[in-house]
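What follows is a group of structures, each given as structure tokens.
Across the two complexes that follow, chain A remains constant while its partner is chain B and subsequently chain C.
For the complex of A and B:
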């Protein structure tokens, strides 16, 4: 089909112009800010003063930022393993032909459509509550006193665990559906011939499902990485120093915080944003290298 | 081929499924208890919540009056609706023509632009907010409904365009050739022929944009923090913080229920479409 330059412009120009304003310009400016001393978030670039990498040095020497990056890694690895393994397990169960599997899929996915703030408060105000909470009353009924009196929200270790559990609950359904979609694309012939050869369920999972899901698993890890870096709402709700994540740290650098004395430093916040972006990019590239699979997407 | 198992074999096969059933049933029961309790607590008094006897002193519908009217959740709900619906429509208005153009029209920069959008998908919001805040403040648009709608729209343009691109590519070119022979121009061809053909994909991606905009929190907190501009999510956070001070626990649960009910209801209606969107369409949920 023939088309004039004018037609192309009409179709594409709005998207390109908006993209330039909201993606290209801000990325360039944020990187610029990270190498400058910037008075405040609304300061013109003419008032910036070049400081080289001192924002980055300052950042690495800041205890709260280091805590937040360690928390990122802890969530990425431990909560990641919990979420993705559970998602894979649920996907295997819900493709094995059990009765009502469509219904179970829908129920387990449901928390994904609820806002992080609402999910966070459900768990904070109800599930983990020490007086009338779901876990407290459940374990009390079962007669398991130690578990019933477990202080989920106590500062000094458990609040981070509590936050991670809430996060697993809210995100597992999405990865489960991803894996279900991958499993359903695997030809039934493989499983049938394996059954004829006398393979059991576990062997079939290890030798057929897992290798053929490699691409999907790679995609899910990449997606998980960028989402964990964007993790914010739950960290703000389970509010304590131990639950600080990079997004929350940057937010506090830019807009202050009610519970901690944080200095407002825009250049440093920009440096943190660059470090976060580079971290996600490097992890994604490594995963792509490790999982060589032609079905790998994104 | 239909296999018949001896009865002991079939029994064995079913016994093996028991742990699986157990896990998904327990999960479902947990979700049912969680949501059931929250709804009952939202209608109880704070005293009944702490004594473990929900609804004992009667159904407190006034909790909802307090949350929606006195604590202004209705206004937050209105804001969420306005931001979400405006942006999901605008996303389609920008992305559909762009996706069609990139899928079908030949020009030198085409692959470069497509690549740019793919990179755009992976740029985290944190790289964008500071310059946007600066720009909006220069334009006197901080704490304005326009700025949040603008950001919600543009942030989703790369992904939506990229998603629709593959569907436009999947349509046979014979439709356009026939339209061209009949003398149809590019705008007519796009609007009346191509767009209807990819409608299911547009609907799917729009539903997902709806959910992600409705639940968006970080940008809303930064760009719509003034009380009359707050979304449900930001409003919920502020409200719980102040109710914790006043000790109104029933009010908190009412607020949580008001915040999750809209998406849960929509999910109940559209569950099939949403789930097949993830499993077949490969949407980022």
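For the complex of A and C:
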């Protein structure tokens, strides 16, 4: 059947219109808001007042935003390494044919289906609590007093570490499943051949699994980047300067708090959102250049 | 093809006509009902006038969409629903539908209204109603001067606590743009059993007396104060507001140069920080204060029985009731400080408020305010008190036992601080100041280090 330009346009129109409404319009509006003083997030654009780049200048001069961006980078790098390495390790173990691998997959994935708020409070109240938390009680029973008295949640000390541990726990299952699906696509022939050649498990992992998973790893890092930029619930629950991330900062500026009186700064929040989007885009582009999927035949 | 299109267009037009016709019919029916009701209302009004009253009685007719800041399982929401059910029985022409959004109500509502969602009543913390919804609120002033079935023949305004209705009025140039309910106050709560065990018979009214109380409590083996990462600014901020006033505190939250040596507020900031640092040095704070994450401090206070005092809001007894409903709560006003501009007449307090959409019809407005009056006077005001341990709005209502001392505080209050003090106004600085405060309370910072860290925003 011959396709005329009109037919193509008719078929593409619904997708293009939807894309424009739910993606392009919000992005354009957010960028516009970032150059204006805006009363509230839904305020009509006729009520905005032009401020030029002052929201961006103000943002860069705000220490809390700078801290939040540094925290984003720390979470992205350190928690990212911990999460993705652990996920890869678990994926490798759980595809090696061990007994009960389906059960372990389900258990490790479980935190992903629990709300981030519930996971956060579980760690806060039942694991890290200095008086009756699991770690305190466990170390006390073992007679390790110094470890038992470790202040996991202390502001100006360990609260960031505590939050990252909780985040690794709740994220690792998701990436593990990604890697498992990647590993399961790799032909068994490679491993059998390597076994015949006398390769041990580590060698097989380094020379077969890892190279053939390159594309999946690249995708997982891109996903990790956008997820970390959207990281919010745990930051809100662990609530301190050290655990403030960009999303929490933007939320505070946009909506304030439910029981406190806080000035709303919508234009500045929009500027922060633009900076966050640009950051994620740059990181994703760099990753795409650094980790190239070499399209091995697997 | 053309025939198909023509058929579709005609079918669409017919559907539209039917739909419009239905609406028209419904409107006519409604108009007829209203006309009947107007006549009936006139008769009732005549009768009411004969009884020298202007009560808004049973002739209300409206459907109200009520968006609430409570979660559906919270006791406040359950009281709201029970009240609505009874109100609808008493006023068969009224239908109230709830949407319980929890604390996100504040943020969800504006977008929903802008998108054309029908919302007639809404509630939230009053300060947030003003800051977020001010363009959408109806002026309710005329309704405050009317009487309602639950006001016993008195004007509504005379039946509710003036401190809270007054703050509604003060915020809007003398107009009542909302109805206060579930009011709150932010004060020093204490464990009365510990005070009794320590022989403390009177609450401290000055800072020095408070320090004496702390020492007595500590000497008896208890922990004088606790705190956590949700109220960490309270001690420093209350002290500073007593010293230099609320407006000055707001100023320093926006201008870090005012924290520097030589500025007009430096001495006051130094004094407030020194007072908190002294408490830390003397061991008046819970040793785990730096790692207490909300709600750890309040749970420890009611469960361990070792902590004497905590600056918190009047929601505290309700929030901890499930852990220890027998806890013997006391409360007192933050004490005066030497040469302070404010005394114990100034208290941080606020309230939730019910507001109405300014685009409501007259029928909706009448029904909405009648329901708000029904909620905040009489049986349901008392039910809020009993089921949520909150402050009642009725002037003659009995206060919950856990908040009996707060009644004394509020009776002496003539000046308002923002509901959780004024250091929270600037979201760019509040977290940084708060973290510095908790470190100061934990003894992790000296006064100079505190000032340097808190002013770095």
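In the analysis below, the second predicted complex is superposed on the first by the 259 of 298 C-alpha atoms of A that agree within 3 Å, B and C clash if a C-alpha of one lies under 4 Å from a C-alpha of the other, contacts with A are read in each partner's own complex, and residues count from 1 in each chain.
Going forward, a residue touches a chain if its C-beta (ideal position, glycine included) is under 8 Å from a C-beta of that chain, and two chains touch if they have at least 3 such contacts.
Note that the structure is predicted; figures quoted are calculated from it, not measured.
Of the two partner chains placed by superposition, only chain B is touched by A:26; chain C is not.
Of the two partners chain B and chain C, more chain A residues are in touch with B. In the superposed model, A:152 makes contact with chain C only, not with chain B. Of the two partner chains placed around the shared chain by superposition, neither chain B nor chain C is touched by A:66. In the superposition on chain A, A:126 makes contact with chain B only, while chain C stays out of contact range. Applying the stated contact rule after C-alpha superposition, one finds that A:244 touches chain C and leaves chain B untouched. Of the two partner chains, neither chain B nor chain C is touched by A:292. In the overlay built on the shared chain, the residue A:255 is in contact with chain B and with chain C.
Contacts of A:265 after superposition: chain C is touched, whereas chain B is not reached. Shared interface residues of chain A, touching chain B in one complex and chain C in the other, are 41-42, 125, 131, 237, 254-255.
By the touch criterion stated above, chain C contacts chain A in their complex at residues 69, 103-104, 106-107, 110-111, 114, 124-125, 127-128, 131-132, 135, 229-230, 288, 290-294, 296, 300, 304, 313, 350, 418-420, 422, 424-432, 435, 438-439, 442, 444, 456-457. Across the complex, chain B meets chain A through its residues 16-17, 20-21, 23-24, 27-28, 31, 33-34, 37-38, 41, 49-50, 52, 93-95, 97-98, 100-102, 104-105, 107, 113, 116-117, 120-135, 137-138, 151, 153-155, 157-158, 161, 173, 176-177, 180, 186-187, 190, 211, 214-215, 217-218, 221-222, 232-234, 236-237, 240, 249, 252-253, 255-256, 259-260, 263-264, 266-267, 271, 274-275, 278-280, 282, 284-285.
Contact residues of chain A toward chain B in the complex are 1, 3, 5, 7-8, 10-12, 14-16, 18-19, 21-23, 25-27, 29-30, 33, 41-43, 89-90, 92-94, 96, 98, 104-119, 121-122, 125-127, 131-132, 134, 137, 174, 177-178, 180-181, 184, 201, 223, 226, 229-230, 232-233, 236-237, 246-247, 250-251, 254-255, 266, 269-270, 272-274, 276-277, 280-281, 284, 297-298.
Residues 39-42, 62-65, 124-125, 129-131, 151-157, 159, 237-242, 244, 252-265 of chain A are the ones that touch chain C when the two sit in their complex.
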